[in-house]
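I've put the structures underneath this note.
Two complexes are shown next, each including chain A; its partner changes from chain B in the first to chain C in the second.
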Partner chain A sequence: MQLFVEQLINGWALGSLYALFGIGFGLVFSTLGILNAAHGTYASWAAIAGYYAVDRFGVPFPVAVAAGVVGGGLLAVVVDQIGFQPLRAKKTGMLGALITSIAFWIILDSLAGFATGQQSLAFPATSYPNQMVVLGPLRVPQMQIITILALLVCTVGIYLLIQKTRIGAAMRAVGWNEVAAALGGVNARMVILLTAFLAGATSGLAGVLGGISTSNVSFTLGEGLMLKGFAAVVVGGYDDVRGTAIAGICLGVIEVFVAQYISTSFRDGFTYLLLLAFLIARPRGLFGSANFVRA
Partner chain B sequence: METLLDLWAGYGSTVTFASVNAFFALSTYAVLSTGVLSFTTVVFAAVGGFLSAQMAGKFGVPLWAAFPMAALGGGFAAAVVAGAFLRLESHWMALASLALVLITRVTALNTPLLTGGVNGLIVPLRVEPLELALLLALCALVFWRLHRSWYGLAARAVREDAAVASTMGISPYRVQFAAFLISGVVGGLGGAALAFTLQFISPETYFIGIAFTMIASTVLGGSFHWLGPIVGAAVFTALPTAMQAIVPQIEDVAKGVVLLLIMIFLPRGLIDPRAWGLRRAARLREENERRQQAAERDAHA
Partner chain C sequence: MNRISKAARAVRGVVAGAAALAAGFAGPALAAPAAGEYGVGFITENTGPLAAAGVSYHRGAQLAVDEINGSGWIGQGVKLKLGEKESGSDAARAVQALTQFSADRNVIAVTCCILSPVAAALKPVTTNAKLPLVIYGATLPGLPQPPYVTSIVGLPGPQEVKMSKMLAETLKPKTVTYFVNADNEGFQNRFKAAQKVMEEAGAKTAGVVSILSADTDFTAPATQAIATNPDLIMVWTTQTPAAGIIAALRARGYAGKISASDVISPAPVFKKIGPALAGVPFPILFAAEISSTPEAKSFIEGYTKKFGEAPDTYSAQGYTALYYIAQGLKNTNGKPTREDLAAAIGQIKSNDHNVYGGVPMVNGQAEVENSLVANWTADGKVVRWENK
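On to the complex of A and B.
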């Protein structure tokens, strides 16, 4: 029983990382209509930024996380302005942006390889809270609790931002139809910049936290998050952050349980099977709105 | 002659891989030309590749028989995929096909009896570059005929606007289904070509890398004409080699930057029939104006 609960918390923390990353990925997909292959590199670079902040300047843990988050957000804005903005006027649709995002993926991945010296770096053990919290018979690492809380705060925050504020209404309007939103008095350019920053920052947070708790700061970090985050977005429904959060947690828990109780070789297979089943049986995901149409 | 042979020794493999990638790009183009963005070519390639490799390895099937088998296998896989996926809307379609690529790798890893699993398969046959070029030429011929046929016209109509096409009596479902079958056959051929070129395949061979190479090749070359994917595959395959010769330290970065620049400045690709048409129209207009001016001058005189 104790093992079961411990694994449940492990899976929850792992799934929280997937969900955090997926929220950023889904925001870009639903608001900007871009299938962004470069999104994983934001997480890698955020982790690298956090690592160097600690390594070079010896900053405390919250500052390192903030450095990663801001770094991820700024990178997303730069990529958007160089890679996607010139294509918006040319109406190349999803395909053109997909290609430029592949280009950025290649560029940023290989630069990340240089930045880490082609190896996997780990945060020094003293730079983050690495104690165990004792809850009755359970011992839970502090980082897992931080990750779980981070997802909770981000999900509630972004959900309220999108559903209850004027900025959120503007973001939904741009996601529906950019031209119509602009006619309605929305500054589409600002909304796009804000969405890109928010998406990069959320995925960056996933990158830093994931880099710390898996002791893996390299370009492979982003790739791993990308595949699972993508699954979380699709299963949850990409136009609702609640769905992504729940789906991400479920995927993490399922992954850990399949590895624990069935076989490690089926770990990824089960996730993707679930993904395919959802795509065919219920393509709009857990929470996706039924009438979602992109013109 | 000596220099020519040296050149072949240096860049022969680039040419071979360019033709292999051309198959993948053509397969992507086949569905893209009916307005469907699908990554499933990788799946068809995996089916074709593993099928032909096993046929050659276990049953001693010769090369000329292994390719048609790969094509059939790819086509069959395409029929299954099309049946399941064509109900989905375009965005979901792209996501679903990407998911299927991920699943294919996991499946291939866990069925060692069919695919060799983690250890992969050694392929005992080898395809000559000339044979590959002939096969590619044959495919191009088919695509050329299709482009000018009723099917080509229907495909373009469905791509531009499926609703309008269906009011004209074209069934988008049937056209897209046919496109998937073509994509499956060509993708299966490409998978076999890759297997007989590398002579070693594993589940990692048919993964995201191919998906992005083929999409980039297709869009780079132009997705509005069958020549586009072939040209695009050649450029995209030659890019790393060229970059390695110029800037060996940062070849990947340079490759990405070139891809980015081409996409920003030529979003419709290198081969763009509309640009040709526009240029021809502009030239005609100029000629007409000149003729008119000359006629006016004659009238005044």
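On to the complex of A and C.
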């Protein structure tokens, strides 16, 4: 039983990373209409920014996380303005943006490789909370608790932002129809910048926390999150962060339990089987709107 | 004048006769390649998932070429020119690089590959092109196919079996849990060999935890392994997972014995993981801190001077590969073709210049006899392993 609960927590923490990443990925898709293949690189670069903040400047853990989050957000804004804004102006549609995002993915991945000397780096153990929290018979790493809480805060915060604030209403309006939103008085350009930043920052948070907990800061970090984050978005629903959060956690738990009780070889197979099942049976995902269609 | 000419002709005749006689008796001993520059293609892996090791292999080869050319090791006026093409550990790119080297008639041999599947993909291409290929990193048994495909890499099996026996005798574990790559045949074989040794010594298998090469989160696998409560955990995985697994085991509070393979030996791995690696034994053929042959000392000194850091086991392999090609070239005559070089390489029975203290070649496969069992100390030094 103890093993079961410990693995449940492991899966929950792992799934929280997928969900955090997926929230950013879903925001970009639902608001900006971009299936952004470069999104994984924001996580990689955020982790790299956080790592170098610690390595070069010896900053404490919260500052390292902030550096990664802000770095991820700014990178997303830069990519959006250089790569996607010109396409948006020409109304090239989703395919043009996808192709552009693949180009950015390759470029940013290569640069990330050079930034890390093509190596997998790790945050020094003394630079983050690395103790175990004892809960009765259970021992839970502090970073897992932080990751789970980070997802909770981000999900609630972004959900409230989108559903309960004027900014959120503007984001939804731009997501539905940019021109109509602009005619209604929404500053679409600002909304796009804010959405890109928010998406990059959320995925950046997943990158920094993932880089710390897995002792892996490298250009490959984002690729792993990308596939699972995409699955979380599809299963949870493109336009609802609650669905992405729940789906991400479920994916993490399933992944860990399949490896523990069935076989590692089937682990990813189960994930993608679930993805396929949702695409066929419930393409709008757990919480997605029935009428969600990109404008 | 006429008398002088006759005398000169007589002297010339004697000299010519003596030279002809000398050539007749000692022809093979005087065989040497013609002076000139011979191209060697190096398929680098300086980018991609194995770049950390790839850079080391490449640097070792660069140092070897500098030494060989500087000392005239092959012969008077004979020099090697290293040409590089990057594969990023991708088989398709490696084949492309090999094809390009093959088209360049100045390239007389090629050396490549960390990954066995990549090396296997190159085998038919290089054999068809009749271009000697020397493997510097891949370790799957059966890759060499002399004379065109040979390997200077000592197979890990024997050294790991030797370490496993040593651990079985000194630690006397009753139960062992193993980590293994589910998607890597080479490591599965290495795990099975170690498991066989342990079970023959009476150590039961408490569990086998499979991971995948691309995995990065090892908290759950570490939890799974710790739950089996073993006396020893043996890690038979590729580098990134091995480092991550050991870090996760220690982070979760596992204080028992762990062993690993030589993948944790490079300095960047210790820099990344730190004291969590301390005391974990691993078998190794070369370590700058403990290899002590004259060739090893010279290599360590030259490498440190050139690159500002000590060489690792991978740079030693890159270094050995180039000396091996140079040795083959040294045994050719005149202006050797690729076929001549392949034949000469195929006849090498032992590497003349190596840092291991002896590298016999059997059917194109290196067999390193003097393996060491080492471990990292908490302050980042590699020392001979002792049970503490």
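Note that the second predicted complex is superposed on the first by the 294 of 295 C-alpha atoms of A that agree within 3 Å, B and C clash if a C-alpha of one lies under 4 Å from a C-alpha of the other, contacts with A are read in each partner's own complex, and residues count from 1 in each chain.
Definition applied: a contact is a pair of C-beta atoms (placed from the backbone, for glycine too) under 8 Å apart; a residue touches a chain by one contact, two chains touch by 3 or more.
The shown structure was predicted, so the numbers you read here are calculated from the model rather than taken from an experiment.
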Clash or fit, chain B versus chain C on superposed chain A: fit
Which superposed partner A:220 touches (first chain B, second chain C, both, neither): second
First, second, both or neither for A:275, with chain B first and chain C second: first
Angular separation of chain B and chain C about chain A, which is computed from CA centres of the superposed model and rounded to the nearest 10 °: 70
Touching partner for A:92 - first (chain B), second (chain C), both, neither: first
Contacts of A:265 with chain B and chain C, given as first, second, both or neither: both
Touching partner for A:167 - first (chain B), second (chain C), both, neither: neither
Which of chain B and chain C A:103 touches, first, second, both or neither: first
Touching partner for A:14 - first (chain B), second (chain C), both, neither: second
First, second, both or neither for A:111, with chain B first and chain C second: first
Minimal inter-chain CA distance - chain C and chain B, angstrom: 5
Contacts on chain A seen with chain B and repeated with chain C across the two complexes: 110, 265, 268
Chain B - residues contacting chain A, complex: 32, 37, 84-85, 88-92, 94-96, 98-100, 102-103, 106-107, 109-110, 212, 215-216, 219-220, 223, 250, 252-253, 255-257, 259-260, 263-264, 267-268
Contacting residues of chain A [partner chain C, same complex]: 2-3, 6-7, 10-11, 13-14, 17, 110, 113, 117-122, 124-125, 130, 132, 139, 141, 144, 210, 213-216, 220-221, 224, 256, 259-260, 263-265, 267-268
Complex contact set, residues of chain A against chain B: 35, 37, 82-83, 86-87, 90, 92, 94-96, 98-100, 102-107, 109-111, 227, 230-231, 234, 265-266, 268-269, 272-273, 275-276, 279-280, 283, 294
Chain A-touching residues of chain C, taken from the complex the two chains share: 46-49, 51-52, 54-55, 182-183, 209-212, 214, 216-221, 223-224, 227, 240, 243-244, 247-248, 251-253, 268, 272-274, 276
